[in-house]
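Pasting the structures in now, so scroll down.
You will see subunit A twice below: alongside subunit B first, and alongside subunit C after that.
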Partner chain A sequence: MKLKQALLLVLLAFVPAIGQAIYFHDKVSWQTPVAASEMVTVTQARAWGDNATWIDARPDAEFAQDHVPGAILLNEDRWNELLPQFLVVWSPEKKIVVYCSTQGCNASREIAHRLRTEAQLQNVFVLEGGWEEWVKRRDEENAQ
Partner chain B sequence: MKTQVLAFTLSILLCASARSELKWEQTQLELHPAVGDKVAVGHFKYKNTGTAPVKIKSVHSSCGCTTAQTQKDQVAPGESGEITATFNIGDRTGTQVKSVTVETDNPAQASTVLVLKAVIPQMLEVQPALVYWQGGEAPKSKTVSVTAGKDFPVKQIKVTPVSTDFQVKVSKVGDGEFKVEVQPRDTAHQMVATFAIQPDDSPKAVYLSARVINSPPPTTTAVKP
Partner chain C sequence: MDSRSNIVWRILALMIGALFIYAGAIKALDPIGFANDIDNFKILPWFVGVRLAFYLPWLEILCGLALVTRRFYFGGLSILTTLTLIFVVVTIVAKARGLDITCGCFGHASKNLSFTWHLVLDFILLAALLVLWRREVLRIRAA
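Entry: the complex of A and B
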């Protein structure tokens, strides 16, 4: 009897799950999926030192306000103009670290995706937490 | 006890009668901007079909590339209005999906997500956007494919400017498909060139970079924020 009840509960749990799968099957995720291996933390990226090129995927105005020292501006607002400027200084030996404003922003994922597919670059990483996390780390260190 | 029950019933009835609701014409919009359009604008129309006013507390978008504005902060019963979402296309391509969240003081409808989908046409696609040679590598030609978007009948393309460092040869390989072969003069020196590729009858260009790289060995100095 208990087994029957358990089975019934499992079957009932499938109903909303199937409904959700049908309803959301064509819904697009807000964030471009990024494999865990393509993400990098601030600590890891900073440890790469001069072997990393930092890409700022935020809008021009935010980059002008402040950015990671040495970072290169490359956003989708002016991709056609900025990509050739980046490719002139790009070095195949260096890893590329792309960041945008926060953990929730999608611009860094989009830029990383376009660098991999359109320019066919390798070793492109997205910074976890973005600029917000980088600033947090900087402030913590300055406070020490 | 009777008074308490009556007061409770009355309060329920009052709450129900003072119902407020924003009824949206559409919460999802699909836009098809033309080539060269700078922005795509979506109008999300609503009407307050309830009997109490609705206060729009905030309107915010999922991305810095989209701005959203409300016509009014307070919507009276029976009144209509709209949220305007402006998506800055820039150099984005393909299908872009952005959301706008509208928050109101109506607890039954505290938050509504409006979805703006923009299908951005691409006249030419270049693959890859970069060809490069390492110093000392054989200076053989490398091939880049250029494909016209399905709605663009591109008969011929041109590649500019003429470079003394790189030789460029364009050939048509199919309907709207082209092959661009790039060859460096030599690979003994660092060289760089950026070529604009565009249809013969359009100023809209995509870019191709070519480089001969003599990379210095990587160093390991840590960057401090």
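Entry: the complex of A and C
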């Protein structure tokens, strides 16, 4: 009887969950963390030149060490403090490229998501491979 | 004395129920953000985590309601105790693996809490749930 209670609750929760999933069907990337259309490679992002604003989503210390030239610091730790500073320099016609440390890091996705939902910004992209990939490309070019 | 004790237990169940309703609602409002939080633990593949992100908040809300209304009380209590226990274990494992995790339990508002504070709050919640669960088991057996 008591097990049935738990089972019923488990099953009942599927009803609103499925309803919400249907509603969000086109807004969610179901197979990969970020939809392919929201990702950008280093080559693509660099080709945008001055039409892109770079956002560094890594912790302050890593940003202070080194970062993409012209990148703006905007991380989760100081979101409330840094977002207004970013919005002052943000330009709606520019694409936004967010990066964090590596391909597997979560901060860039999180910041990109918050920029889209909380700041209502569009044209927000996540950099494939993150800072690691950017450095790799820079070192390759310097070596040539 | 017995009825006073009952009132205390009732209030505790109400508070925990309300807490889970709130926590579930916050996450249900931002399932994609919650999916990112689940993915941050690096335990489940994304396609599983994103589906859980749509399901778990509603399960929390329903179980929270069960505690508040006392309908399906034992079922709700058992599920919430299990979920909290799993969450505590997963959090410790993730931290031991060196992951920089944010649980997102209460949306972005909770992201400024340190790991230690998260864990302290989780243990308090788990202890309260276990006490309620144990009391209910004894009550059922006595009936």
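Methods note: the second predicted complex is superposed on the first by the 112 of 144 C-alpha atoms of A that agree within 3 Å, B and C clash if a C-alpha of one lies under 4 Å from a C-alpha of the other, contacts with A are read in each partner's own complex, and residues count from 1 in each chain.
To be clear about the criterion, contacts are C-beta pairs under 8 Å (C-beta built on N, C-alpha and C of every residue); 3 or more make two chains touch, one makes a residue touch a chain.
Since this is a predicted model, take the numbers as computed values, not measurements.
Within the superposed three-chain model, A:Asn106 lies in touch with subunit B and with subunit C [touch as defined at top]. When both complexes are overlaid on chain A, the residue A:His67 reaches neither subunit B nor subunit C.
By the document's definition of touching, of the two partners only subunit B reaches A:Pro84; subunit C does not.
By the touch criterion defined above, A:Gln5 reaches subunit C but does not reach subunit B. Legend: residue contacts after superposition of the two complexes on their common chain; A:Glu76 is shown touching both subunit B and subunit C. In the superposed model, A:Ala13 lies in contact with subunit C only, and not with subunit B.
Comparing subunit C and subunit B on the residues of subunit A they touch gives the larger count to B. When the shared chain is aligned, subunit B comes close enough to touch A:Lys94, but subunit C does not.
In the superposition on chain A, subunit A positions 28, 30, 76, 79, 106, 110 are in contact with subunit B in one complex as well as with subunit C in the other. Considering their complex, residues 62-65, 88, 90-92, 95, 97, 99, 117, 126-130, 132, 134, 192, 194, 205-207, 209, 211, 213, 215, 217-225 of subunit B touch subunit A.
Put simply, subunit A touches subunit C in their complex at residues 2-10, 12-18, 20-21, 24, 27-33, 76, 79, 104, 106, 109-110, 113-114, 117.
Residue ranges on subunit A touching subunit B, taken from their complex, read 28, 30, 42, 46-47, 49-52, 58-59, 62, 68-70, 75-81, 83-84, 87-88, 90-94, 101, 105-107, 110, 118-121, 134-135, 137-138, 141.
For subunit C in complex with subunit A, the touching residues are 28, 30-33, 35-36, 39-40, 42, 46-47, 50-51, 54-55, 57-59, 61-63, 66, 72-76, 78-79, 102, 108, 111, 140.
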